[in-house]
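One chain, chain A, appears in both complexes that follow, with chain B as partner in the first and chain C in the second.
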Partner chain A sequence: MTQPLTPPPKKNPEKRTLSPTLPPEARSRAAMGLTAAAAEGRFALQVCGECGATLYPARDACNRCLSVDLRWQDIDPRGELLAETTVRTSTNLYFRERAPWRTGTVRMDAGPVVICHVHGDVGPRARVVLSNRLDRAGQGVLLAMPEAPTPHMEDDPQLRAMTSDPKLRRVLIVDARSENAPAIAAALLQAGAATIFAGEAQSWRPNPQRAALLALGVQLLPLDVTDAGSVRELAGEIGGKVDILINNARFMRPGGVLQRGDTAFAQQEFDVNVLGLMRLAQAFGPAMCARTADGVNSAVAWVNILSAYALVNAPEFGSFAASQAAALSLGQSLRGEFRASGLRVMHVFVGPTEDDWHQPLPPPKVAPAALAADLLRGLQAGLEDVHSGDVAKELAERFRAGPKVLEREMTMGGRS
Partner chain B sequence: MSALAELSQALASGAVRVVDLTHTLDPDFPVIVLPPEFGQCAPFRMEEISAYDHRGPAWKWNNFSMGEHTGTHFDAPKHWISGRDLPNGAVDEIDPSVFVGPVVVIDCSEGAAQNDDYELTPDVIAAWEAEHGRIPADAWVLLRSDWSKRSGAAYLNLRDDGPHSPGPTPEAIRLLVEDRGIRGFGTETIGTDAGQGGHYTPPYPAHFTLHGAGKYGLQCLRNLDQLPPTGAVLLAAPLKIKGGTGSPLRVMALIEG
Partner chain C sequence: MGEFREHIRTPDGQVRAVTRPRQSYAGVALVAPATVPYQRYSIQTAHWWIARALRMALDAAGLRPGDLDGLSMASFTLFPDTAVGLTQHLGLSPRWLDHIPMGGAAGIVALRRAARAVQAGDADIVACVAGDTNHIDSFRQLLSSFSRFQTDAAYPYGYGGPNANFALLTDRYMQEYGATRADFGRLCVAQRDNALKNPHALMKKQLSLQQYLDARPIADPIALFDCVMPCAGAEAFLVMTVDEAERRGLPYATLAAAIERHNAHPDDPIQLRGGWTMDADQLYQMADCGPPDIDLLQTYDDYPVISMMQIEDLGFCAKGEAPQFVRDHDLTIAGDFPHNTSGGQLSAGQAGAAGGFLGLVEAIRQVTGTAGPTQVPGARRAMVSGFGMINYDRGLCSGAAILKGNGP
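So, the complex of A and B:
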């Protein structure tokens, strides 16, 4: 049975903070398909287009028929634990620091026998569900989980090392004025977050979310992502205590290029949505990267809430969508820059949300509570990409199927 | 002794003092809030270019950005639709002699302390003139409300029905502009108009009347409690922005004694 996590003691200020180390990162290009599936929380293996064999590990040609027509497909993740062993020491620093570490082999119902990490609650010869997870190096690895939930199973040290679980962690929600701030705070508190900070810009204006946030016990602190000084100041104060940063700051106005007579709103969109992200990352990134091995409440995730139209422009909100595409690109840069620390960048793509600027749009629109629930699930599963709501999910599928076709559909007018 | 030499001597001796009527340009200083579908005035922002570091080893400097109407600022006639076609309506076109001149201060601080929507009316002006004499032609008139002593949310004083702060009625501003021939009108609040000034006829009467008559506005002033009702000289020179409708500026007053 998993020992439930307890709140960590206050840090001993005489002790050096552990430097981050990573599990082995090298993969072949073929094997990266597992990582791509893990980033979205899917379990996928290669299936041979010629003979139909399900393959493991990933390879460039089918080991039965030598076909190179191998496609990543979602596969039934169930199986049975064949054998297991507990690694008590390792030449690899990452595992050495985290020993003991269970590994084993699982015979999948789909055929292959896989080598995987093993959750502490999996008994000998037990039925398991294989979970495809990103490890701290950001690569897809397989973890055998109990078939049915067990008490506190999310606190298993091997599992927690692969997730961004907010339990006992301290979270900064960047924009306390956003409609989604109270819902996100409530979801994280419900999931056991220790502290929620929320940044409030322009405290000289009434904040409609203020009462709801204070009622939840959220700590409101001044933060305006358009003001480099304000971002630096807050990072100076609490930068060492932020384990999860949720960038929900967003400026949007309707209109593409020609519908607007100027670049004023575009400047604000880029100032908040792109440069704001950059200012936040410059101020909070280094301290978070330095604290990814800091025990139970280590820094674990950087979350950007992005529009689903970051993937493809929608001219009705063309300028805003351009800023979202830029923010997505910047988030990819951060993945590269955070890589060595293991700090995970999670993007939550969301379609039209229930707010003032989407009011004239027909449903379905994503309500704050639904967005918060998807965001929380993403953190708990340790994902990199979350698609919140039907519109975002559908757009992502169409994008995968053919970006140019989608672009044409989005820009030809009269689209459904 | 020449007038200027006398002035220099008086400044040196302290017989004439300089009072700073300007707020510090600070990212946190409120800007006017319009309905969000309208364009907005940019707040003051500053980004470092270098600070004796790899970006420039021996020097520190910043880029800053803001709107023409951010912080303590000057309104030119061109700011309002009523003054759009006037000659010399932009800050770079205004005769610089306008930027130095006499100033009178109407103290409404007591009334404003009782009533956030305190109105400067012709009666208030009449009472002031009964005590201090007729407002001289071509003088600046400043409305002292002590609003500059407020900070945070109390400054804009935004409620569900908009901001609440003191200002002139349409009749009062017409009296000042048409009968007294003032040079301009200044306030401690975010605008020359009352917070609820949009509900007068005409809406925003100070902006409409002042700028329609080629007069000037000053807002977000402070330290008006240090000025005498009459006898001070105002120095208020906006930046020379090509076609500018206003400008942040350093406003100072010279006072005797």
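So, the complex of A and C:
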């Protein structure tokens, strides 16, 4: 039975903060298919295109027929725990610090036998459901979970080490003026977040979200992402107690290049959406990276809410989409720069949202509560890429199927 | 030169006729068993350890390096060199060269190939050598680059190294066959008893069953005394013709039979048997004897469960009955089933690839009556078994040989 987490004691300033360590990171190129699937929360294994065998570990050729036509496909994740061990000592620092660690051998109904992490609530020789997770090194790993949910199962230490669960953690929502701020705050508090901070630029201006945020108990603090001084000041104040940062700051106006006639809006779009992200990362990133092994409320995730059109430009919002592509690229850079700490960068790709600037667009549009729910699920599952809403999901699927075809369709107004 | 087999057993258990019989190993002699005393840690390199073992074997046979025309080498820590670089490093000009990256099966495989080379006249005198060094932290570094499947699909899961791999097999073996920790303990305690007679064994203290049972857990159900101690060391022997050995007046062993097999039973969900089950019948057929005729057995004992598996798969008892077998037999040098007479890796230490030579070199000593304090009285027929290379969830290489000699 999983012991529910309890709020951590106040941090002892005399104690050294544990340095971040990572589980083994090296993988073959083929094995990274598991990572790609885990980043989106899918359970996929290699399947031979010729004989249909399901393969594990990842290979470059089928061990039944020597075909090299291997594809990653979603697979029935169920199986049976054949054997298990509790590792009590390891030459790897990450596991040594976290021992005892339960691992086992599972025979999957789909055929392969896998060595995997084993959730504490899985009984001996029990039926299990395998889940594909990103570990702290950011690589896909398999975790055997109980067939049916158990009380507090999300608090299992091995599972929690693979998620970005907001429970008992402290969250900074960057833009308190955004339509989605109250919904995100409410969802996180509902999920057990300890504290929510929200940044508010130009506090003298009315903020229509303020009443809702204050009613939820959110702490409003001055933060203007276009002002490096303001960002640094807030980081100095609360940087050591932000466990999850949600960058929802966004500036957008319709139009591509020719329609606008000047670069004034583009400058603002890039100042908020790209350079704002950079300012935030420079101010908050180092402190968060230093606190990724800091116990129950360790720093765990950096979230960027991006337009789905970061993947491919939509000319009716062409300049804004360009800023989103730049922000996506910057987020990829942060993944590289945060890598050694295990701080996860999660991108939430969202289609047109239910707000003023998307008013002329037809539905379906993503309501703030739906975006908040997807964001929360992404944190709880420890994902890197979340596609929120039908438009974003479809766009991602079309992007995977063929980026050039999708680009052509978008230049023709979104459809072929 | 007899024809030793008419049938083989295929991986799915079918028996089918074989068109080409195996040739015998008649006329091949194994001489000059050499062991460089192991050290827990060494500041020397694998090159140094291998050179010392080669020199010891040559000295024992009264040969000079220039007399060698064949070399077979096994090592994990020789990087960036292979057997090729070693020829120049050591000043050898062999006309037959082999490098055997098969860990615990390296000894058997090296022996088989060298024997064929000598039989065929491709080489006259082959030195088979295995050696590894062990620096502080080198075991951890060795683990990290052991195999692609380990890197991709085993190490990210708790990084227990081979301890965790074998813990899973042991756990399953215990459930399946009702083995207890005390059964594994009996085997380990007997080996420690043997090691106390081996002046070079790293473990020098008596081990009681209670101490075994009370030991620190490592990866359940594996505890401290189920694990070998990585160390530095080297082992070597020479392969030549029987005529050559007799001409030089060297005590020699002959090779009655040998088998090897890789990635056997790939569809077994968890390894409870090895490749021996596919080839043991031929092994006995070729040696014209059966399990009761074996005077002593050297198994590859990286973990006691693997020794039990070999006792079963090589026909000393039925599958699943090794726990009862170790309860019923005395596995010490003076016992009714002498096993791992030098203490095995569990008590002598695991010197990397030399661990795959340990039992073989000791068996040559036993059947030539030169084992000294660990000598089994009347040892004329020894079986040696090898097992190596945990690639993902199981050991892939297995091999075995039956050696004969005039005994003490």
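To be clear about the criterion, the second predicted complex is superposed on the first by the 413 of 416 C-alpha atoms of A that agree within 3 Å, B and C clash if a C-alpha of one lies under 4 Å from a C-alpha of the other, contacts with A are read in each partner's own complex, and residues count from 1 in each chain.
We take it that a contact is a pair of C-beta atoms (placed from the backbone, for glycine too) under 8 Å apart; a residue touches a chain by one contact, two chains touch by 3 or more.
Nothing here was measured: the structure is a model prediction, and the numbers come from that model.
By the touch criterion defined above, A:Pro166 reaches neither chain B nor chain C.
In the superposition on chain A, A:Asn92 contacts chain C only, with no contact to chain B.
Once the two complexes are overlaid on the shared chain, A:Asp227 sits against chain B while remaining clear of chain C. Between chain B and chain C, the partner in contact with more residues of chain A is C.
In the superposed pair of complexes, A:Asp135 makes contact with chain C only, with no contact to chain B.
Of the two partner chains placed by superposition, A:Pro146 touches none, neither chain B nor chain C.
When the two structures are aligned on the shared chain, A:Thr105 is found in touch with chain C, with no touch to chain B.
Shared-chain residue A:Pro182: touches no atom of chain B or chain C.
Judged by the document's definition of touching, no chain A residue lies at the interface with chain B and also at the interface with chain C.
Across the complex, chain B meets chain A through its residues 27-28, 30, 33, 36-37, 39-40, 43, 45-48, 151-153, 155-156, 158-159. Residues of chain A touching chain B in their complex: 202-206, 222, 224, 226-230, 253, 262, 264-265, 268, 356. Of all the residues in chain C, the ones that touch chain A in their complex are 139-140, 143-144, 148-149, 151-161, 163-164, 167-169, 171-172, 175, 216-222, 266, 269-270, 392-393. Listed in rising order, the residues of chain A touching chain C in the complex are 23-24, 26-28, 30-31, 56-58, 63, 82-92, 94-95, 101-105, 107, 113-117, 125, 135, 137, 139, 141-142.
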